[in-house]
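Quick notes on the structure that follows.
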Amino acid sequence: MKQSASLPRTILAPILLGVLAVALWQLAVVALEIKPFVLPSPVSIATEFSGSVSSVWAASLVTGANALIGLLIGAVVGIIAAIIATVLPITDELSAPLVAAASVIPIVALAPVFYTMFGADKETARQLVAALAVFIPVYLNTLRGLRQARPVHRDLMRAYGASAWQATRAVTLPGAVPFLFIGLRIASSLAVISALIGEYFGGPIGGLGKSITSAAASSNYSLAYAYVLGAIILGLVFYIVTLGLEKLVSPHRASASAP
Amino acid sequence: MSTESSAQNQPIASTGPAAVSVTGVGKVFASRKGADVTALEAVDLTIAPGEFVSLIGPSGCGKSTLLRLIADLDTPTSGSIEVFGKTARQARIDQAYGIAFQQAGLLPWRTVRANIELPLELHKVGKAERGARSSELLSLVGLADFADKYPDQLSGGMQQRVAIARSLAESPGLLLMDEPFGALDEMTRERMQTELVRICAETGAAVVFVTHSIPEAVFLSNRVVVMSPRPGRIRDVIAVDLGRAEGRGEGLREADSFFEAVVAVRESLHGEAAGAPAARGVDQR
Amino acid sequence: MSTESSAQNQPIASTGPAAVSVTGVGKVFASRKGADVTALEAVDLTIAPGEFVSLIGPSGCGKSTLLRLIADLDTPTSGSIEVFGKTARQARIDQAYGIAFQQAGLLPWRTVRANIELPLELHKVGKAERGARSSELLSLVGLADFADKYPDQLSGGMQQRVAIARSLAESPGLLLMDEPFGALDEMTRERMQTELVRICAETGAAVVFVTHSIPEAVFLSNRVVVMSPRPGRIRDVIAVDLGRAEGRGEGLREADSFFEAVVAVRESLHGEAAGAPAARGVDQR
Amino acid sequence: GCSSSGGSDDSTDSASGELTPVTLQLQWFAQAQFAGYYAALDQGYYKDEGLDVTILEGGADIVPQDVLSAGDADYAISWVPKVLGSIEQGAEITDVAQIFERSATTQISMKDKNITTAADLKGKKVGSWGYGNEWELFAGMQKAGVATDDISLVQQAFDMNGFLAGDIDAAQAMTYNEYAQVLEATNPATGKLFTPDDLNVIDWNKEGTAMLQDAIWADSAKLADDDAYADQTVKFIKASIKGWIYAKDNPEKAAAIVTAAGSTLGESHQLWMTNEVNKLIWPSTSGGIGMIDEDAWKQTVDIAMGTKNETGATVISAEPPASAHTNEYVEKALAELKDEGVDTEGADFTPIDVTLKAGGE
Amino acid sequence: MTRTGSPLGRRVLLGVLGVVVLAAIWELYKALGPATGVVIGDLTVLPRTSDLAMPHVWDMVARLFRPVRSAGDDEMMWQAVLQASFFSLGVAAVGWFVGVVVGMVLAIFMQRFRTAESALLPWIVLSQTVPLIAIAPLVKRWGSQIEIGSFSWENWMSVALIASYLAFFPVSIGALRGLGSPDVNHVELMRTYSVGWWATLVRLRLPASVPYLLPALRLAAANAVIGTVVAEVSIGLRGGIGRMIVEYAAAAGGDPAKPWAPIFGAVLVGLLAAGVVALIGLALARYRRGETPA
C-alpha cells in the first residue's frame, strides 16, 4: 500500500528532474555548439523571457482568457451531455457518431469554419475550438464514470424509486467524479493548446500562438520559446487549478492506492 | 403450529389488499453459453399487511432472487407480483417498501449518518427531521459514536447495521431484508431482532426476511417459508404461533413452542437431504 | 473443558515454533478528526501448529483487525506477531497461510474456476495440476456446475464458498478465515464445517477462525477466544475438549460436552453485559 | 519513396550516376509561385546542368532559411525581410539570386470602405498573416503616420472568408493568390463574381514600402569554402532562370506543370498565379532576372531596421553582413545564358489575360 | 449483471438518425436564422447563415460527387477525400500505437514508483502545454538527421511521432488512474499471496484499469488524428487530410462547399479510429462486467 507522498517528494522530485533536464539541455547546446536557430539554450530563453515578460504576460492573458472560457463551456456542456446520455440512453445512441465525429474533427479543420461562422475579428471561434477540445475528454470520461456505479448501488436507487436525476446525483455522479477529473485534467492543458492553435488560423492578434509563430518565422527562436514558456506556465496553472479543485470536491474514497 | 401445503399459502390476516402477492412466479437467468439457471419455479406466496414472513433455504436456492423480484429490481420470467394491490413497479415508485441487501451497499463517499439519511434526502425530507431520524436510528443500531465515520472505517457487522438503519429510515409498510443480521454476533443479533419485532409492531410493517438461522426465522416470523434448492420452489410454509410481536420477549426463546417450531423448520429444510445419500458436495441438489 | 485466564494463552501442544504467536499487540486507527479508534489492546495469543482457534466477540471488537495483523495486511501499533517463528511479513512472503476475507473479494472478470486457481496460477502451479485442484475444490464447496460462471452470477453464499475454496487451494499450514460461513445455510454450513475439520486433520493446518456462531466455534475449535468490545481485548480463552478432529462426527453436536462448552462460551461472551443495564443501543460498551 | 519529397515524377534515378543531387526548399506547397523551378525540373534544365534536383515543399511551420542553414537543403526560396531576421539570429546564408523584382503584397478593401492609401487604414480592421509577411504593411502605415495602435490587427486565415464576410476591412492579399481568391468568389450583392472594380488596392510598390520577396538563398560558408558548391550554385541559378523564362513564354504549360507536380489549385487560379508571378519578374529592370538591385536591397534593409511591429520590435537592429547578398553567381549564370543567346530581361514580356472562374476552377 | 447493449442494427439506425437530425437543425437554422448570426452585445452567440459560413447540406454532399476540379478528367472529390483519409488514418494509426505504448509504459512506471509519479507527472502534463507548432519543425529537423543503414527517416514518420506526442497523454493519465483503481480488498488479496508487483500488475491492476483505459484509448485515437492533421499542415506533408484542408481553404470564397469535403474526411478517419477502439472495448467486455450497458 502506498502512503500518500510527502510534500518534499511531490514538490522536490519534479523540480529536481526539471533542473536536471534543463542543465543537460544547456550543456548540450554549449558543448555541441548548437546554433540558436536550431535549438536555443535555456539561458537564452530565460534571458529573452525576462526581457519580454510584459509582452508574454499580455499574450498569456489573451490566450488564457480564451482557454478559460473554452474550458468552462466545454466542461459544463460535457458533463451535462454525459448526464443526459446516461439518464436518457437514446440521446447517447443518437449522438454517438456525432460525438465520435466531434471528437476527431481536427482543430485545423474547424477553426477556419468557426471564424467564418462567428467572425474572424472575434475571439469566439477560438473559445469554441477550446470548448470542443475540452468537451470530448470530459464527456467521454464522465460517461464512462457514470456507468461504473456498482450494481448494488444502482439497485438501491431503484428501490428508492429515485428519479433518474436523483440517482445520478446521489450515486452515479459521486462515483463518476474520479473519471470526470481525469477528463478535466486532460482537458485543462488541452484548452490552452487548442486556444493557442486556434490563433494559428485567424482572429484578433495578441495571443501566445501568433506571437510564437511570428517569432519563429524570423528565426528568433529564443523569443519564440519565451512565449512557449509562457504557454507552458499557462497550461500548468490550468492543470494545477484543476488538480486543486479535484482535491477539494473529491468524495471520500476507500482505495488502497489511488494516485 | 401447523405445516400447510404450498397451495394454501394464505396470509393469516386478510384485511385489504395483501402486502405482497406472488403468483406463479418463475425466474430463469439466461446464459450465453446455454447453461441457463432456473432460479425460481412456480412460486406462490401471499403476505398480509403486518405479517412477518421469513424465507429460508439452502445457499443459491433463489431467496435473494425472490426478494429482488418483489422489490422490482428484476422482472420475473413468468408469473406476476403485486405489492399492496399495485404492480411491483408501481409499488417501488410509490416507495412502498424499505430494503436491506445481502451486501451492505453503503455509498463509500458518504458518512455513516449521510448513508442513513440517503432515502430521506431523496424523498425530500427536511434537514432537521432527517437529522433527528438518523440520530434515533444510529443509537438503535448502536453506532451513535460512528456517525461521522466512512464505511471503510467500519467493521463488517457495523456496515451491515448501517444498512439496516437505512432500510428502516422511512418506516415503510413493507420491509425486505436479505440476511440483514448475517454478520452480527449473537448478542447484537438478538438485540436487533427484538428491535425489529418492536418496530414492526409499532409501524404495522410487513416483513419479508431472508435468513439462514432457523431460530431467528422462528423467533421473528408469523410464517416461515422453506425453499428447496435449485430450481427454487416453496417446499413448505410453516406457521409459527408464538403470539403477535408485542408479547414476544426474550423468555420466548426458551419456550417449548419455540423449540417445536425450530424442529419443524429444520425437518422441512433437511427433510429430503436426510434420506438422500450424502454426496461429496454440500448443496443437496 | 476449562476456562483459562488470558495470561495462560498457551497452545495445547507445543512442538516446534508456534503457528501464530501474538505478543502484547495493540492497534489504534488514527482519525483525522482526532477521534482515534482503539481496535485492539494488549492482545496475547499463541496458536500451536495444527490447532484450531476461533475468535468470537461482539461486532466491531477487532476480530477482523487481529486477523489482518496476523496476515500482515496491517501493522500493529504496539506489540509483535510471529508466524511459524518468522515475522508476519516473512510468513506472508513465504506463503505460510491461506486467507478468506469477510467479504468474498472475488475478481469480477474471472470465472469461478479462474478465481479459485488464482493463487496457484500466481505461484506457478502447472495448468493440469491447477485444473485438477480447482475441480476438486469446486465439488468440495458444491459448485461444480458453476465453474464457468462469473461472480456476479452467483448468490451471496455461493460467492463465499468460492472464496473458501480459493483459500484452501494451496493447502497452507495456517488458515485465516473471517466469518467464512456467515452467508451459508445451516446445512451447507455444517457440511462445510465437517469438511474444514477433515481438511485440517489431513493437512495438519492451524486455523484462526472468526465467527459469530457459538456452536460453530465450539464444534470446530480446540480453543475459543472470546473478545471484549472496544477496545478489543481477549476476555477469555476457553479450551474445548471434544477430541481431535478425526473423531468428531455429527453426533458430537448432540453430546453433552458440546452443550457445556456452548454455555461456557455464551456466558463468557454475555457475562458482563448481563449485569450491565440494557442501553438503548446494542453493543455494550 | 519520394511521396513526401514533392519532387515530380521525373527524378531520373537510373541516369543520376553523374548528376549531383541538389535539394531546394520552397516556402509553401507546390503552386505557380514556384512555377520556374518546377518548369526547370520538368523541362530537364537542371539535368542539363548536371543537377538532380529534389524540390521540398514547405509547410506552415517550415522556415526555409532554417532548413537551409541546418544543412537539410542546398538552396531555399524565401523573402528577404524574413531572412534578414534569421541572419541576425546567426544564420549564415546569402541571397544569390533575386528572382522576384517586385512585391506582390497588397492591402485590398471593398470599394465602399474608401481605403485607397495607407493613411486610410486608421481605425480600420486590418488583416495580416504574420509569419513575417506583415512588414510592408507596417512600413506603409508608418510612412503614412498610422501607428499600430490606430488599427485593429486581425490574423488572416488560409482563406479570405474573413474579408468576404466583412470582418476585415482591409485584407492582405498577394496579387497572385488571395486577390484572385476574392475575384473567384460570388458577390452577394450582384450574384456574380467580384470584379476588380469592386475593390480598392493599396500596392506597396507604389507606396514606396515594397520589400524584396522570393529569392534563392545559398549557404554562405559553403559558397566561400566549397568551389564545387559555388559552381553548382551558378548552374542551379542558370537552370532556374531558364525555368522562369519557360514560364514567361508558356504560362499555360507552366501552370499545367505545377498542377502535375501535385498542386490542387483550380485551373484558372493556377494560370492567374503564373501570370501574376511573371509580372513580378518580367520585364527585368535590374540587368537581368535574378540580379539584386542595390537600391531595392537598401530599401528593404532600411525598412527592416526602421519599421516597428505591434510589439515595438523591428526585423533587425543592425545592417546585415555583406555576405547577406551577392550578384557574383547570378552574374555568371546570366553571362552563360547570354552566351547561349537567351533573353534574360524579357523586355518584350506581355502578360496574358486570365479569366478567373468561381472557386478558381 | 449481463450486458444488454442494444443490437448493432439499432445503434446504426439511431446513429444515422442522429446525423439526419443534425442536418435538419442545420438547414432549419440556416433558413430561419439571420444572415449576420445572432449577436448579443459584441458576442456572436449563433453563427451566421450565409452560404459562405453555412453551405447547404445538399451542396456539401453534392460537392463530393463532382470532380476535385471541374477540369473533367479529375477524380471525384469523394475519391480524393477517401484516399487522403486513408493516408492520414495510416499515419495516425502508427502515432496512436506508439502513443499508447509510451503512455502505458509511463503509467506503469509511475504506478510502480511513487517518486517517479511525482517527478514525472508534472512534466507529462507540461509536455502537453508545449504548442505543437513549436515542436513540429524540431521533430522534422531532428528526424531528418536520422539515417541508419538503409533506414532513413521520412516525413510521415515525423507526423506520426507528433501524433503520438498528443496520443500518449490521455493514456498515461487514464492508465495511471486505472492502475490505482482496484478495490482495497483485491490489493490485499494479492498481498496475502505475496506475489510481486509484476504479477499484481498483470493479474489485478491491468484488468481493473480497463474501464479507465477505454476512454483513454479513444481519446488517444482522437488526439492522434488531430495531431496527424495538424502536423501535416505544420510540416507540409503531402497526401493527407491536413494538406487538403489548407489547399481547399483557398477555394472557400468561390466554392464554399469544397473545404467541407476534407472535414468530412477527417470525421471519417475519426469514426474509423473510434470504431477500432470500440472493437477493443468489445474484446475486453469481461473486464467491464460492472458497467451499465452502453
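We just call them A, B, C, D and E in the order they show up, numbering each chain from 1.
Going forward, contacts are C-beta pairs under 8 Å (C-beta built on N, C-alpha and C of every residue); 3 or more make two chains touch, one makes a residue touch a chain.
Note that the structure is a prediction, hence the values are computed from the model and not measured.
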item	value
Labels of chains that are neighbours to subunit C and to subunit D	E
Copies subunit B and subunit C - rotation angle from C-alpha fit, nearest 5 degrees	180
Pair of chains joined by the greatest number of C-beta pairs in contact	A-E
Taking each chain's C-alpha mean as its centre, the one farthest from subunit C	D
Between subunit A and subunit E, centroid-to-centroid distance (C-alpha), Å	15
Whole-Å gap between the CA centroids of subunit A and subunit B	50
Centre-of-Cα separation between subunit C and subunit B, whole angstrom	27
Residues of subunit B touching at least two other chains	103, 152
Where subunit D touches two or more other chains, by residue	60-61, 63, 66, 70, 157-159, 161, 165
Per-residue overlap in subunit E, given as positions that touch at least 2 other chains	1, 48, 52-53, 133, 137, 141, 183-184, 188, 233, 246, 249, 252, 259, 290
Subunit C-touching residues of subunit E, taken from the complex the two chains share	1, 183, 185-186, 188-195, 199, 203-204, 207, 210, 286-287, 289-290
Residues of subunit E touching subunit A in the complex	1, 6, 10-11, 14-19, 21-22, 37, 42-44, 47-48, 52-54, 110-111, 114-115, 117-123, 125-126, 128-134, 137-138, 141, 169-170, 173-174, 176-177, 179-184, 187-188, 211-212, 214-216, 218-219, 221-222, 225-226, 228-230, 233, 241-242, 245-246, 249, 252, 259-260, 262-263, 266-267, 269-271, 273-274, 290-292, 294
Residue ranges of subunit A touching subunit B (in the complex, touch as defined)	150, 152-153, 155-156, 158-162, 166, 170-171, 174-175, 251-254
In the complex, subunit B residues that touch subunit C	29, 31, 33, 35, 37, 56-60, 63-65, 102-103, 139-145, 148-149, 153-158, 161, 178-179, 182-189, 191-192, 195, 212-214, 266, 269-270, 273, 280-285
Residues on subunit A engaged by subunit E in the complex (per definition of touch)	1-2, 5, 9-10, 13-14, 16-18, 21, 38-39, 86, 90, 92-98, 100-101, 103-110, 112-113, 116-119, 122, 124, 136-137, 140-141, 143-144, 147-151, 154, 178-179, 182-183, 185-186, 189-190, 192-193, 196-197, 200, 208-209, 212-213, 216, 224-225, 228, 231-232, 234-236, 239, 254-259
